[in-house]
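Chain lettering (A, B, C, D, E and F) follows the sequence in which the chains are written, and residue indices restart at 1 in each chain.
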Amino acid sequence: MATVKLLSDEEAAAIPAVKAVFDDIRATRKTEFINNFWRALANDPANLKRVWDTLKSVMMVDGAIDPLTREMIYIAVSTANACQYCIQSHTAAARARGMTDAQHGELLTIIGLAAQTNHLALAMQVPTDPEFEVR
Amino acid sequence: MATVKLLSDEEAAAIPAVKAVFDDIRATRKTEFINNFWRALANDPANLKRVWDTLKSVMMVDGAIDPLTREMIYIAVSTANACQYCIQSHTAAARARGMTDAQHGELLTIIGLAAQTNHLALAMQVPTDPEFEVR
Amino acid sequence: MATVKLLSDEEAAAIPAVKAVFDDIRATRKTEFINNFWRALANDPANLKRVWDTLKSVMMVDGAIDPLTREMIYIAVSTANACQYCIQSHTAAARARGMTDAQHGELLTIIGLAAQTNHLALAMQVPTDPEFEVR
Amino acid sequence: MATVKLLSDEEAAAIPAVKAVFDDIRATRKTEFINNFWRALANDPANLKRVWDTLKSVMMVDGAIDPLTREMIYIAVSTANACQYCIQSHTAAARARGMTDAQHGELLTIIGLAAQTNHLALAMQVPTDPEFEVR
Amino acid sequence: MATVKLLSDEEAAAIPAVKAVFDDIRATRKTEFINNFWRALANDPANLKRVWDTLKSVMMVDGAIDPLTREMIYIAVSTANACQYCIQSHTAAARARGMTDAQHGELLTIIGLAAQTNHLALAMQVPTDPEFEVR
Amino acid sequence: MATVKLLSDEEAAAIPAVKAVFDDIRATRKTEFINNFWRALANDPANLKRVWDTLKSVMMVDGAIDPLTREMIYIAVSTANACQYCIQSHTAAARARGMTDAQHGELLTIIGLAAQTNHLALAMQVPTDPEFEVR
């Protein structure tokens, strides 16, 4: 049960600032499909534009990290933050970018292991080694 | 201030089950350096062995995800779990595996963006799109 | 699927310690409606009373922070803690106390931004500036 | 660096509502030592009293869970919430109540394992089994 | 909506590495019932075996902490990590190991109190008392 | 120990894209002081500009929520995310915007209470009431 309305295509089309972002999402992703995250965020057109512009400039450009790895990092953060919607949407996105079952399996294993050692290091309050210092 | 003692090399050498793991850490990593996480975990030799064996089999083998990407995923989870020690140790590990400043910058940007949209999706309680369904 | 039973009005009325709290909830809020949180907590009458008394003394009195702001702070914490029920119940409560769509939009924007910079500051392990010191 | 002042014994003694709680802490725990948590919380005498009264009624009474187990549960929650102060203070409290090194080792192992499977179940979005239903 | 397939008994039986673990789960727990967590994890037979072996060696052996307390610690961690599946499965497990309603009520009260003081200590950035030092 | 370098004024001045943001921070805030968060983020000039522009447009404009309330919401999120730096910097910012000790005390009380009921609602897996539905 969402805490905001999900804007339909008709409602979105009636607000120019929303329509402009929805059009750009469709053009950039080359699909008519707009997922619920954007339909919910559209209640605040200024934030809709801000978040979409950031997402486009971070996730959909050439960079130093390849697109599939970016999605796997997104899944890792979303899992630790317990965001069900984000886990599901970015797992679908990672698959669309070619994530294999073997890669997904390894990703989950690393996430689980990291969580385990995170909690161990926290519970033991391990002091930082000076060897980790940034040069 | 750790909640357990950090075992010195002398103390570790006196416990065969700990010595065996420390020897394997040194041989596998090709360095004499043993960081504090293992010195803390050594208070429980059975868990020391279990965690090290898992870490070795997950992080230090050939697999479907390359070693640097694994470390970046580790940093992502550790950040969301607010584990300071883990952030520092795995950032050092990622650098040792060749992470460039540009890659680190992008990693941080993705982590920050994911956290932002995680919180937005949670606060709006966005319902899952049926399109995300696993085939 | 709850991990405890949700007490019906009949079951609540049969336990004097629960009935007393339910009566006070209804009288304080001026409504017959008792939401599921209290019906679940009623399995432990002592904790039901303790939590309700605290909530009443914190959220329903005149204080230095106005009632709507209190609810917005509640939403912020609940989001970061990924408590779906709490996000939904306190968003409803904030609306009942007059939160406008514009305020809700800004609240979500701030929550998202804070989460982003929280993760960036953690991942970079930024040292505290001495200028932040409490006088 | 605390975000509030830590009240000294002299400052605490000058505020009757604070003095009353500090006296009760000392009498209940049979020690002159007042740890920093209470000295910080003393900036808000009403909350100081509320939290101390709750802590006393939850952690320092005969109940269905023994006192050492209560402290171990406290450590588990504090670890997952990344509260360094709480991890350290409740580990000290658990030791004072007789926690052995073997128990501490097992506690850490369980915390780490739970964190691992928590993240795995979240990342896989495992649906609840109907068999878990409360009767 | 899971992000991986849940393996049926037929699918599991067709993969020897999965079948071996499922057989061991059934033999160890003395029940035909295999819950969804394992059916999801079975997509990665190596991780399935690793997690099951760890769980068996941590949760199902004689140790310094009794089996019911282990499950209560598991619930505490799972709650703070907001893992719904884990909260439900380990509450069922704790009940199966004899957790009474009174114990469950106390467990929830301790978890809630710990979360409250965790957040207070974090928000006040309380400095560690030297008295907590490990000998 | 930061995982990135903190840029000095000299280093910042040598990178035009960083200098432009630092100049804008100083002009907007009317102070020479640049806190460590920006000195760390300056390692990635594109993200520095993106985060600063967002922060300025969210936190430093007239809007539907007043500036002090925005800072209190920021503290709430930062606490639940266990970001020590953010708790300290935004508590200082809130004080600079006029937060009184009474308001700070109430803020902490609400954060603590929310955390407590978040964990209770999660541990009990309370189902959402249909009454919370957005109209």
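Please note the rule applied: a residue touches a chain if its C-beta (ideal position, glycine included) is under 8 Å from a C-beta of that chain, and two chains touch if they have at least 3 such contacts.
All of these numbers come straight from a predicted model, not from anything done at the bench.
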| item | value |
| --- | --- |
| Length of the shortest touching-chain route, chain B through to chain E | 1 |
| Any chain in contact with chain C as well as chain E | A, B, D, F |
| Averaged-CA centre spacing for the pair chain D and chain A, given as whole angstrom | 34 |
| Inter-chain centre distance, chain C versus chain D - centres from mean C-alpha coordinates, in Å | 21 |
| Whole-Å separation of chain centres (CA-atom averages), chain B against chain F | 27 |
| Numbers and ranges of chain F residues touching at least 2 other chains | 1-4, 50-51, 54, 77, 79-84, 87-88, 91, 105-109, 111-120, 122-125, 128, 132 |
| Contact footprint of chain E on chain B as seen in their complex | 1-5, 50, 54, 57, 128, 132-134 |
| Residues of chain F defined as touching chain C within the complex | 1-4, 6, 33, 35-37, 40-41, 51, 54-55, 58-59, 63-65, 69-70, 72-74, 76-86, 88-92, 100, 102-103, 105-107, 109-111, 113-129, 131-132 |
| Chain C - residues contacting chain E, complex | 1, 3-4, 43-44, 46-47, 50-51, 77, 81-83 |
| Contact footprint of chain D on chain A as seen in their complex | 75, 79-80, 82, 84, 87-88, 107-108, 111-120, 122-125 |
| Residues of chain E that touch chain C when the two form their complex | 82, 87-88, 91, 101, 104-106, 108-109, 112, 115, 119 |
